[in-house]
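Order of writing sets the chain letters: A, B, C, D, E, F, G and H. Residues in each chain are counted from 1.
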Amino acid sequence: MPRIVITPDRCKGCELCVDACPQQILGMGRKINSKGYFYAEVVEQMRCIGCRLCCITCPDTAIEMRVNGTMYHYFSY
Amino acid sequence: MAKKLMKGSEAIGEAAVQAGCRLFFGYPITPQNEIPEYMSLRLPQVGGCFVQAESEVAASNMLYGAAGTGERVMTSSSSPGISLMSEAASYLAGAELPVVIVNIVRAGPGLGGILPSQGDYFQATRGMGHGDFRLLVLAPWSVQEAADLVQDAFDLADFYRNPVMVLGDGLIGQMMEPVEFSSDRQPIKELQPKTWAATGCPGDRPTNIINSLFLDPEELERHNWKLKAKYDAMTRDEIRSASYAADDDYDVLIVAYGTVARVCSTAIDELRERGVRVAMVRPITLFPYPYQAIRDAALRASSVLVVELSTGQMIEDVRLALEGARPIHFHSRVGGMLVTPDEVIEKVECILAGGAAEVSHG
Amino acid sequence: MAETVFSRPGALAPVITHYCPGCTHGIIHRLIAEVIDELGIRERTVGIAPVGCAVLAYNYFTVDFQEASHGRAPAVATGIKRARPDLIVFTYQGDGDLASIGMAEIVHCANRGEKVTVVFVNNAIYGMTGGQMAPTTMPGQIATTCPLGRDVEQAGHPIRIAELLSTLRTPSFVARAAVHTPLYAVNAKEMLRRAFRYQVAGTCFSMVEVLSTCPTNWGVPPVEANRWLAQNMMPFYPLGVFKTPDGADRAPTPGAGD
Amino acid sequence: MQNDVIMAGFGGQGILLIGKMLAYAGMHEGKEVSWLPSYGPEMRGGTCNCTVVISDRPVGSPVIRSPRAVLAMNLPSLDKFERDVRPGGLLLVNSSLINRDPARTDLTVVKVPANEIANSLGNPRAANMVALGAYLGATGAVSIAEVEAVVRETFSAKPQLVDSNLLALHRGFEVGAAATGKAVASVAEEGS
Amino acid sequence: MAETVFSRPGALAPVITHYCPGCTHGIIHRLIAEVIDELGIRERTVGIAPVGCAVLAYNYFTVDFQEASHGRAPAVATGIKRARPDLIVFTYQGDGDLASIGMAEIVHCANRGEKVTVVFVNNAIYGMTGGQMAPTTMPGQIATTCPLGRDVEQAGHPIRIAELLSTLRTPSFVARAAVHTPLYAVNAKEMLRRAFRYQVAGTCFSMVEVLSTCPTNWGVPPVEANRWLAQNMMPFYPLGVFKTPDGADRAPTPGAGD
Amino acid sequence: MAKKLMKGSEAIGEAAVQAGCRLFFGYPITPQNEIPEYMSLRLPQVGGCFVQAESEVAASNMLYGAAGTGERVMTSSSSPGISLMSEAASYLAGAELPVVIVNIVRAGPGLGGILPSQGDYFQATRGMGHGDFRLLVLAPWSVQEAADLVQDAFDLADFYRNPVMVLGDGLIGQMMEPVEFSSDRQPIKELQPKTWAATGCPGDRPTNIINSLFLDPEELERHNWKLKAKYDAMTRDEIRSASYAADDDYDVLIVAYGTVARVCSTAIDELRERGVRVAMVRPITLFPYPYQAIRDAALRASSVLVVELSTGQMIEDVRLALEGARPIHFHSRVGGMLVTPDEVIEKVECILAGGAAEVSHG
Amino acid sequence: MPRIVITPDRCKGCELCVDACPQQILGMGRKINSKGYFYAEVVEQMRCIGCRLCCITCPDTAIEMRVNGTMYHYFSY
Amino acid sequence: MQNDVIMAGFGGQGILLIGKMLAYAGMHEGKEVSWLPSYGPEMRGGTCNCTVVISDRPVGSPVIRSPRAVLAMNLPSLDKFERDVRPGGLLLVNSSLINRDPARTDLTVVKVPANEIANSLGNPRAANMVALGAYLGATGAVSIAEVEAVVRETFSAKPQLVDSNLLALHRGFEVGAAATGKAVASVAEEGS
């Protein structure tokens, strides 16, 4: 089961991950982080398919992905 | 014309346009980007042409080519970009081309920082490029003066057929102040038609050649002394300086140029209010340098304070002016830090309290 | 136990960059760092930061760095690599840096076949200095030194660096990629991987041009910037491998997308 | 007589604009003026500030380390500039965005809920005008009539904005005028 | 009465050049002068001399001249043409000048589409400074800074400027010619004529690369130098028109002659 | 090793090799082509590497990169090429990189000519690039001294982590004289391992960064004063000068450097033979400048004669040294013309006959 | 009838014209000109076909051609 | 004691070589020496010259405007340097190529038919060695034995040339030695 972890203080609120997620399960929160940005949040963790597109697109390595068990990827990366 | 509130960079650009400059070649660099940006919009409006060059090396050589046609031309840059123009500066002087180069100095060396500095004084007054040549260097202390000096710069460049540098810093470039352009400005020098320009050779006249090469050393020697004679003429006729609070008596004479002199003027006002007798001479031409004015003014004081944004460059010229006649004190901030009026006040008080001079083997 | 399958690579420092929100410089940094990690070359890599928005890149990687003067990173790389051929040397350069002031240095570095890797970030603008026209700025695109849009009659057309370097006879690896969507970023990483591998093997010079965004100076939000890149830059800057050292070149395509 | 002020806030708050308006008005009034923006590395950080000097004599240093007044439109600005205000000087605080009290006790502090006032006028972007008005009210650095003229000129291309901006200017002016002289003005309540 | 059907063109000064015996710089000078005469543009032409053996070119033409610093003639030309679009501006540059130190300037001048004409004299060597390696020096060719012959592993392969400039998107006229036999010189003149005509018409940037000899620094007599050029340079530097502004380009041929 | 007759250019190249220089980046320019040419043959023999750069701009930045790895590196050029290295010189100083730069000066400005000159004195000692920095400048007067100073230059560069310039002219470069290389030369300074070099970052040590950028002005200010402290240390420890015929009394003191001092020595010999009391101080370091040695020597004379191949550059330093204490006379040839012993003799005789000094407001 | 005129003092003795002449009617003389060069001479003017190849190839415009009457050229030039 | 000489001639005459040989020999003899070629624009003109100084003391100026001796191997060289010879100095003239008499009367003039002598020895390229020998004979600047050693070393790769060059050197030496002291030596006849 893939789990997405967004570090609020690394997020600059660019919304690229939101745009990238094929499951549309990321969204911008309403809280402001220490740098003054509204940061991204996982809205529906359960529907995450572990595609890593959000991780790959985040320019600020604000997103990590953790998995229990083995995980096969759609693309070599 | 009425007064307008203008950014220094824009005032410099507008002044050039008013002075008849129709060509600008430049390359972006902070903190002077507003000059090329202004020119890119403004020059086409007056039938001129702005070219963003691929580099400062290219910009300065475009300047050379355009100046060789007799048109009024300008470039601007900031310290690292100015270094890249060193070879061209030498060529421009060697080929006797009138151009205006604006250097909005930033803190160095190397990439350094982008905040104000006066660290390019040596380069501007002596070492910008190889060989025996000089730039005529003008250092404004306000936006209005920047606009005025830029216009004068074009006349001086044409008159002497020599590159003229306007030396400012980020403060001059970035700040807004009221500026007035006179609508019927006359050239400050009597200018001759540019019959030397290479603009196509009609009929049988000998070709005009824009050139700094002289393979015959005797000819090159003559050329060098001819250039030297121009620098001597500048030294005779073009020295400019201003004094501040020097009508009254004073014990300490401050020497400072550019925006630093502004800061010093504030300090002087406060010191005078407290009864401290202090005055200032502000060089406006850095080459030719107002040695005599400074010497004369210094002899009325008991000591001299040089204030500059470098670890000690203009102070050498002050030493050359005084030749040991008065002790010289020094205050500076560098790396983009600015001198404050308080610091100057403190320094003056310390001098009057008997603080040791930096230079005093006179 | 949960295993972390995606996180900051070791070659990337755990600091927050100064890049604007959504600026794809950050993605490119991470891709490079991942490749360095994968190839196990972190301890013998020296990076070269440009003058441009990436001027502080030396703070963002955990590898030794040199800060070059504007445009001269390929010369600095040459110096390092000639002095220490055992090091892995890469430059990271913007389009003003590489394609404008540094044109002579990149062409000659590539032509000498210096065994270094150049990452060329083409964002069609001068980011750091506040949005002036770059050699790669698109026709009609507004910039502070072409306030009415780039006029190809005055400023010429954008320069395609990958195509230009591909004409050189000296063997090299030259490719163009983009990072405006994650799948393009995956491809970009593959290009970077190949580029570094050629260097590790001592084969040849390698350059990857990466199309990148500058939301701040383009004046659009990041997501829109990505779309603008796809719509405006990609047709003119076709992606792909333009040259490989073994000669299986894809012929340069002048006129493609014109 | 010299008035000088550092105005500081976020990038989008229109700080540089009101600084320029102030300088323009000063110039029109026949005063000597200078306007200096911060530039340099911090520019990108999202905050910005400018220094305006208005004087009867030629302006000396355009850089003011200890200004007679500071206008802080957000918290980082207050944090940065509070300590610099000249003893006995003026500290204008945008209380809409700043929820702490200034630490210094030797200043005239004027709290202006600039954003709230602007919102209440139906022009949220006019918070800067409120602040400018408050500065004028508190200092009289230039006459509000001159500033009004500048506002009209500035928005001449968008006449629909003139009125709300003038209104904002005046509401701010009232707050500033009312508050001056009091050690800590608590006009926040009044104003909103 | 006898009619003179061949003699020194009016745009060529009646002086004796400093060029070494058999150096083809002299032929190229005359061809340019003839074209200037034929087009009737002598009185509005400004030439730009390079730093190189042609440094004294300003003494050899009866047109106004500017002497550029090494490599920067295209920038000087840009300055002149922008200041005075009515003038006909040409540069005359060697391979060290144009292809080495002046690489950035020529690429950008061409890319901006400056309406000037560049005559690029490629003699595969630094003539004036005494025979150092040029970017165009042939593999294995001996020069004073590659005393054992140009090693392509260290110095890379020669650069083909015509091909390189042809990749630029901005319209231009780019051709390569040679003057080592009179018939090739006839063709070279035709290329120069076209190049100047495009400028006269205000159409585009034009460059003619002319393969030339340096008997002195190649260390062979002039006649042999011409043969050496044909045998060694021509296979690597194919002649022809590489680009025309109307798009009837001959595709660049990287790899041709490899 | 035995004495060998060597061209100055080759001796400079060989000296660098002997000093452990393994990398040379350069671009051809007369009159120093023999240096790169020698290096292109010699360096591969010792496992080193010669790169003909595409330009002096590139060469100087290759130098930067290679120096950043801690290796000993050199470039050489002549005046116009040196101007193109101005930006890099500033970066090298800012990033504190030890490199050796040889300038075989030719006559300027611009393309000028290729014959000997000392017209780059200001550039070398003050203005080579933007910002507050200095090169340590060494000026040999013979081929042997050129070889010695080049070797010292590498030690000084490493010790101070600063670029060092060896300033010669076409005579030094072109003439042959006997040279001896000692087979067991020791560094003239105690050198530390270059732990700052960027050569890959093992384990967890902080990364090494070769850099001249300091966005924080306070940091840049500290950096500037740190550099200044190095220049002060050089001024304290590295000043070199030589005197000639100064053991006996003298009335006229000649100040000259480089090959011009050779010419003066011949003139002094002849004058002494005729009983004319004249001596010479020859600066060997041009920065730091031997102000004190010159002042001390000058105070023993009644007047001073500065001889140089420029319209008047080093004379400023002599003025700074003397601060008016003695009248200063000046003789120069420029444009590639050379000073002859006869001219110097004539000038000295004219001084002794009461000729007016060029500079004498002391 | 084409006539070839070589100006001795302009000739540098490079022999390119000799090599170029299809009729092989040019040759190097045995006299030295004022610059110290052996200069080219027309050996058999009569056989000249007026092709102008010598003129075109001479780097020093030392060769002129004069004609009586009309002359047609093999190539435009 | 100092000997200095300017040797001048066409590019191919081996002038620079004999200058270097002289300097080498001087160095081997323990003297201070310098050798300076002309460089610069005239280089291409086809003529070349060098200045050699041999001295007991460190060499001062390596540039000699009024040399103690001039060796003119062709007419342009005589034209150029005749006037420079120091009064009372030595002027060596290659009478094989120079058909005019020197104009100056205050010099020791030695005419050497260098090419003819060399031709007669079957080595036409050794004219320079004849001239060098004549200079040595006329001045004794260095011992001929040292020069012989240098000649051997120089031609060590082509031993077949050693003898004819040594012979040329000696024949020149004889001419120089015989002629010195006489105001205008007419050895041309003797020598050929």
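We adopt the following convention: contacts are C-beta pairs under 8 Å (C-beta built on N, C-alpha and C of every residue); 3 or more make two chains touch, one makes a residue touch a chain.
What you see is a predicted model, and the numbers here were worked out from it, not measured in a lab.
Of all chains, the one whose Cα centroid sits at the greatest distance from that of chain G is D. Across C-F and B-C, it is C-F that has more C-beta pairs touching. If you average the Cα atoms of chain B and of chain F, the two centres end up 28 Å apart.
Centroids of chain E and chain G (each the mean of its C-alpha atoms) stand 25 Å apart. With centres defined as mean CA coordinates, chain B is found 55 Å away from chain A.
Averaged Cα coordinates give chain B a centre that lies 40 Å from the centre of chain E. Looking at chain B, one finds that residues 30, 51, 54-55, 57, 80, 87, 91, 95, 110-111, 113, 115, 211-213, 215-217, 336 touch two or more other chains.
Looking at chain C, one finds that residues 20, 55, 67, 69, 100-101, 103-104, 107-108, 112, 135, 154-155 touch two or more other chains. Residue positions of chain G with contacts to 2 or more other chains are absent.
For chain G in complex with chain E, the touching residues are 2-3, 9-10, 12-16, 18-20, 35, 37, 50, 52-61, 63-68, 71, 75-77. Every residue of chain B that touches chain C in the complex is listed here, in rising order: 27-30, 33, 36-37, 40-41, 50-52, 54-56, 80, 110-111. Contact residues of chain E toward chain B in the complex are 42-46, 48, 55-56, 58, 61-69, 72, 75-80, 82-84, 87, 104-105, 107-108, 112.
Only residues 51, 55, 67, 69-71, 96, 100-101, 103, 126, 128-130, 132-133, 135, 144-147, 154-155 of chain E touch chain F when the two sit together in their complex. The part of chain E that touches chain G in the complex is made up of residues 1-8, 12, 16-17, 19-27, 30, 181-183, 185-186, 189-190, 215, 221-223, 226.
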